[in-house]
Amino acid sequence: MARSLKKSHAAGWGNLPGFAPTMGYTLLCLLVVVLVPLSTLFFKAATLSWDEFVGAVAAPRVLASYRVTFGAALLAALTNAFFGVIVAWTLVRYRFPGRRILDALVDLPFALPTAVAGITLAGIFASNGLLGKVLEPLGVKVAFTPVGIWLAMVFIGLPFVVRTVQPVLEEFDREVEEAAACLGGNRWQICTRVVFPLMFPAVLTGFTLAFARAVGEYGSIVFIAGNMPMVSEITPLLIITKLEQYDYAGATAVAVVMLLVSFMLLLVLNLLQKWSRRYAEQ
Amino acid sequence: ATELLNVSYDPTRELYQDFNKSFARHWKQKSGQDVTVKQSHGGSGKQARAVIDGLDADVVTLALAYDVDEIHNKAKLIPKDWQKRLPKNSSPYSSTIVFLVRKGNPKQIRDWNDLVRPGISVITPNPKTSGGARWNYLAAWAYALKQKGGNEASAREFVGKLFRNVPVLDSGARGATTTFVQRGQGDVLIAWENEAFLAVNELGKDRFEIVVPSLSILAEPPVALVDKVVDRKGTRVVAQEYLKYLYSQEGQEIAAQNYYRPSDRKVAAKYAKLFPKLRLVTVDQTFGGWTRAQKTHFADGGTFDQIYRPSR
Amino acid sequence: MNSSHYPGVFRVQKAGALAEPFPVRLLLVGGTVLFLTLFLLLPLGALFSEALSKGWQEYRAALLEPDALSAMRLTLVTAVICVPFNLFFGIVASWCTAKFTFPGKSLLVTLIDLPFSVSPVVSGLVYVLVFGLQGWLGPWLQAHDIKIIFAVPGIVLATVFVTFPFVARELIPLMEAQGREEEEAALTLGAGGLQTFLRVTLPNVKWGLLYGVILCNARAMGEFGAVSVVSGHVRGATNTVPLQVEILYNEYNFVAAFAVASVLALLALVSLALKTFTEWKMRQLQKAGA
Amino acid sequence: MSIEIENVSKRFGAFAALDDVSLSVPSGELVALLGPSGSGKTTLLRIIAGLESVDEGKVLLNGEDASLHDPRHRKVGFVFQHYALFRHMNVFDNVAFGLSVKPKRTRPGKEVIRSKVFELLKLIQMEHLWDRYPSQLSGGQRQRVALARALAVEPQVLLLDEPFGALDAKVRQELRRWLRQLHDEIHVTSVFVTHDQEEALEVADRIVVMNRGKVEQEGTPSEVYDHPANPFVFDFLGKVNLFHGRIDNGVAQLGGVRLPASGSSSGTDGPAVGYVRSHDIDISRHGSGSDAIAAQVRGVLRVGPLVRVDLLHAGGEQFEVDLSRDAADRLALQVGEQVFARPRNVRFFVNDYQI
Amino acid sequence: MSIEIENVSKRFGAFAALDDVSLSVPSGELVALLGPSGSGKTTLLRIIAGLESVDEGKVLLNGEDASLHDPRHRKVGFVFQHYALFRHMNVFDNVAFGLSVKPKRTRPGKEVIRSKVFELLKLIQMEHLWDRYPSQLSGGQRQRVALARALAVEPQVLLLDEPFGALDAKVRQELRRWLRQLHDEIHVTSVFVTHDQEEALEVADRIVVMNRGKVEQEGTPSEVYDHPANPFVFDFLGKVNLFHGRIDNGVAQLGGVRLPASGSSSGTDGPAVGYVRSHDIDISRHGSGSDAIAAQVRGVLRVGPLVRVDLLHAGGEQFEVDLSRDAADRLALQVGEQVFARPRNVRFFVNDYQI
């Protein structure tokens, strides 16, 4: 009761000072830094006729790059969702030597320049690299294949799921689990029917963020992807390619499509998110 | 002191590092002024675009004439006849395309037709983004054309086959070299002659060797003054001298030392031993000039894209 | 069932009846350690071993090389402009979004988040479209001899764009969770708006703020894609550290490339250590309280 | 300072949290706002403090329209339900806050602040804890710090939102008495919110009973307890038994007993409900069916000073009687035995809502 | 199922949350664990449920060592203080959870579960709300859902941790009575935790008073209320007045009054404190100084069914007397007047802790 009350008072206009100036400044920054620059994309793309636009964004090679980019991003985000939950769970629930270090390291992909990450990963997973040497004879080729794209995307997206799930688990009410145990649920039932459903919105948020980041990623991927048209060429690279052919309009057209698609996906995931939290609504 | 900006493509880093020092000395002697030349390197197309978008290059020294043409077309920073303003079509040095293979040439690669053998893995950058790669592509095409019974269709099939042997397409010549040398990908790297020399000398004579194909293309990287920029900055004189100096004895020697084929007869003779002799075709003769070559082969939907069109 | 039946390693955080069976725990901990080692420790190790592969001397020389130093200077300048800007923006934006309700709030938050889902390449591109010679303002800028793109301002702008949401993202949920009661209390005690913010709100979110700043800074220093598009790659002038790494790498100067990269990695590690320390400190404070 | 609330309404979206509320609090009084959860008590308090704006109506502080002043100049001390102490400041700094944010001109010196704060800490009996952080205090201690903090700026009105809501029963009783004594000492106009009728009855000079955004009744504790204006107030202020019956010509017929419907205003004949507090019923073993309700003892339970007797009357209705221990001991009731219950002070309400 | 706690100790780090606690709960009883915050009530409850392990001692359920079973097999229903409902399930699914996680062999069919759940929802009077989520329920409703959920698996022991702690005074009183009735209907062995003495006195068959990890006293409500074993229990179970004095030869000297120190065990002469409940004092206008304490009326306050009289006795000690309204009305005391207070049932404790 206390909590819901607090919430209801956090809502409402109230009389705290400073709304107008801070809102004004926020909108101004948003306009100058985000909205105006992004709008140029649409203006530039609008210089194309519809057919040209379709030609630019629906060429087979471009379509293939969407498939590669969004497909790998999806896979990577799923991987991150899976391992991210395990990592978050382990870091929160268990105590083992080195836990703090691992915990701190989770943020590394946020902090490491993506190009460095790409170069390093390519070095490790190339056929003469530390792991490539081991994997190649087993028939697993990572670097310069779509698997490499997935790998780089997993790397850069890793912190998102962990860092969104972790606080939820930390604040998770143990009593809920205990209640389920007293009602006769076994560990597996408790996890699948009580813990995971409650963690799900956070996982979804992390998944969404990891996905959005992966879709746009460029720096780390070009070094490890192999960049083969139709196979391992990502959309951001295509945008760059078009740019270097002086095809500004084509590049922005693809950029607009990318922007819209990831926006739509974000939107869908946000709706899903809302649905997954429906029980929290008053 | 005056400052020049030379916007160039990837493999010329070392060349211009040496050349700039020499030029600074030369200019000091000649005019008593200090000059520093800043360098910018990247894929040739990317560099041209930067100039088009406002990168204040006093001179451009790019991989293909096409890229300089675009600077004229898109931004009018350079007059249309820029190529006529300097000797040798504005190309103070030339190069060609050769192969780099692993020591001992384990896959027995001798000529272009070895590259299309099944199981051979070829490393070359992406022609859509790399100037060097376009030379590679055109050299292969020319080779196929010049074979007995060669025609457009057979050339197209040949190049298509070749690119199906390519496992990695880097965006620039340097990236491709790294992939071949450092990552151990592929059996053969198609590269600028100077790149190949550099790789062998820098990264190990014991690890790589150069294979010279029977036929290749004469690559003439052009240089140009960016008129609008030098006029705005008031650097026309020194920039012109900079380009001129490329054709001088010293300039030509530096080019040769960096494995670019000098255009000056005397210097060429001096370094003749360095550069293997082979049959060279030119873009103008074989492909009707860069603009046409660009349009048929590398533009969106051109032959290169068709090579990668899904057969299904 | 009782966790104390097992050795000290793999203890469950809060002793209780609800622990997974030991093998499951072992599997999870093992999986985590393996996964993180593979994805985080290994690249980090590879990076440093490459950087130091030719010895300390070479490493030092690579860092003191003038172009490398200039790149570091530029990166620092970028961060020094970009972080305070986004810090200030983050604080202001989180105040008006977290402490008030208004129609369109979630739209506003989404827009603040937007740069996050934009590909860095595209974020660079938009600035080319605005400030490039072929863009909206390019000719005018050139006529007035103002350089934005292919110069420091462009690099800063692109970096600001890319790191725009970082501080705000961190602060908004935090401030929302803390409600408005303390601010209201300060208000009824006669404090003005700024006083309330400085003396009540800010101290309460300072750790979150620090975390946001650290992440913002790390990204600002490490951004590659967007900066690459607007930099122009002029040696010793418009190359940031990540670009310099790429250049060195392309010059077959691998030791130097990794050496310079390791500076960024070290910086990241220091930030992370700092962050871990602050968190630890915070927990300590809480514990002292509880 | 007196508080005048004039026809105040407040809506949140479509929901009316306050609906035409009028109220006046004379200077120096301690008034309780009593009502169930969601009745608008907090909203009213926040409006007085200026933390919430009104949609309609006016708030006058000392006769002046308060909307002219924003919260910081209203000289109102607010004690929040969850204390809202500044987590990052120790007790001293919390209490000193209001003084230290005064404008330079009127801000007292360091020493003056110090002595003033310690004076207050003495008042709340916490001088020795001056350097603790809120998280190191018990609920009751936090509550007192919140109070001292509010008092430090010498407010002319003190507003307390469920000051003891989150505390243990025992601690609550102590603080409750302490608050009353404090008020008797410093006599600042105070309004406190509670949903515990005992708290209101025990502490307040006047009680305002609220329900669904309206004031149901206002008066001294004994006025609202002994003369509740309507069934809601009757029910909310203490345990009550309901007897269903009829009124005819001013005489009520309740479970076979005939009573003068004195409480009822006019002769509204018809079905009616009689409300009787559980301590307003006498039990005896003898009686006639006409002046007492025959009932069976279902249970006898000693609860502290009282003894609760559960009775079942012939009509099937259950009711409860609270006896003092003395009375209960004298009667020595056995479960199952037949007794007679004689209600005193029955109030009749027709249609559940009219006197 | 009976519960036997034998010499249980539980430490958290260096802190002993339970210190050699023994206790037995016969089958079918409703027992209250009463004690101040931090006294170990929750810990004891969790140990019975198997949610916490013991450091020393044993818990026997139905005579069997419980440590052989983990919580899921103890047949213990646990109702948590903050309900711990499954937020993402509606009322029906919450209640059905325990049945639906039974192993396949013993799991009832869908239809059986449905009818069983609705039976329980009827019991808690919430059938119509079966599809609401917990966030859409009031505190009291949530509490009842938590109870129904625990009852669904037909536990042999029901444990309730401050079941009404978070509720309004009014709602609390209702639920309290409802719980008692429920227990009378289904008669499952139940232990509930509270820190509200009134709640314990009103609801429980037996009360266990805890303090600092120890059991201070155990007995029926009237045993602990009327015969508290020590000052702590005396104080914790109701309002009490302290009179400082001496005992000599079995006679106590309290504020000028001489009383037989009947309560005190042996003739431990020396300084002693007399404990008297506030309703165990009679007031009259006449008396002699030897059997009554002369005192001045400082205040008279009507609090619902009782009237509280504040008195100041000559020695300077303040004390309180609770009178029934009747008695108070008869006396019609005025503030300031001089009266005589006659304590009944004085208990003497020497050194604050020994009888």
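We just call them A, B, C, D and E in the order they show up, numbering each chain from 1.
Here, a contact is a pair of C-beta atoms (placed from the backbone, for glycine too) under 8 Å apart; a residue touches a chain by one contact, two chains touch by 3 or more.
None of the values given here were measured: they were computed from a predicted structure.
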Chains in simultaneous contact with chain C and chain E: A, D
Contact-graph distance - origin chain A, target chain B: 1
Label of the chain whose CA centroid is most distant from the centroid of chain D: B
Between the pairs C-D and A-C, the one where more C-beta pairs touch: A-C
Inter-centroid spacing, chain C versus chain A (mean Cα positions, whole Å): 15
Inter-centroid spacing, chain E versus chain A (mean Cα positions, whole Å): 53
Whole-Å gap separating chain B and chain C, where each centre is the average of the chain's CA atoms: 39
Interface hub residues of chain C, defined as touching at least two other chains: 16-18, 134-135, 181, 184, 187, 192, 249
For chain E, residues contacting two or more additional chains: 51, 70-71, 139
For chain A, residues contacting two or more additional chains: 1-2, 6, 9, 11-15, 17, 123, 178, 181, 240, 243
Contacting residues of chain C [partner chain B, same complex]: 128, 131-135, 138, 142, 147, 149-150, 232-238, 247, 249-252, 254
Chain E - residues contacting chain D, complex: 36-37, 138-139, 168-170, 173, 195-199, 201-202, 221-222, 225, 236-239, 277-279, 301-306, 308, 322, 324-327
Contacting residues of chain C [partner chain A, same complex]: 9-14, 16-18, 20-21, 24-25, 28-29, 31-33, 35-36, 38-44, 46-47, 50, 89, 92-93, 95-97, 99-102, 108, 111-112, 114-123, 125-127, 129-130, 134-136, 157, 160-161, 164, 176, 179-181, 183-184, 187, 192-194, 196-197, 215, 218-219, 221-225, 228-229, 241-242, 245-246, 249, 257, 261, 264-265, 267-269, 271-273, 275-276
In the complex with chain D, residue positions of chain A that touch it: 1-2, 5-6, 9, 11-15, 17
Residue numbers on chain C that touch chain D, as the complex places them: 181-182, 184-192, 195, 199-200, 203-204, 286, 288-290
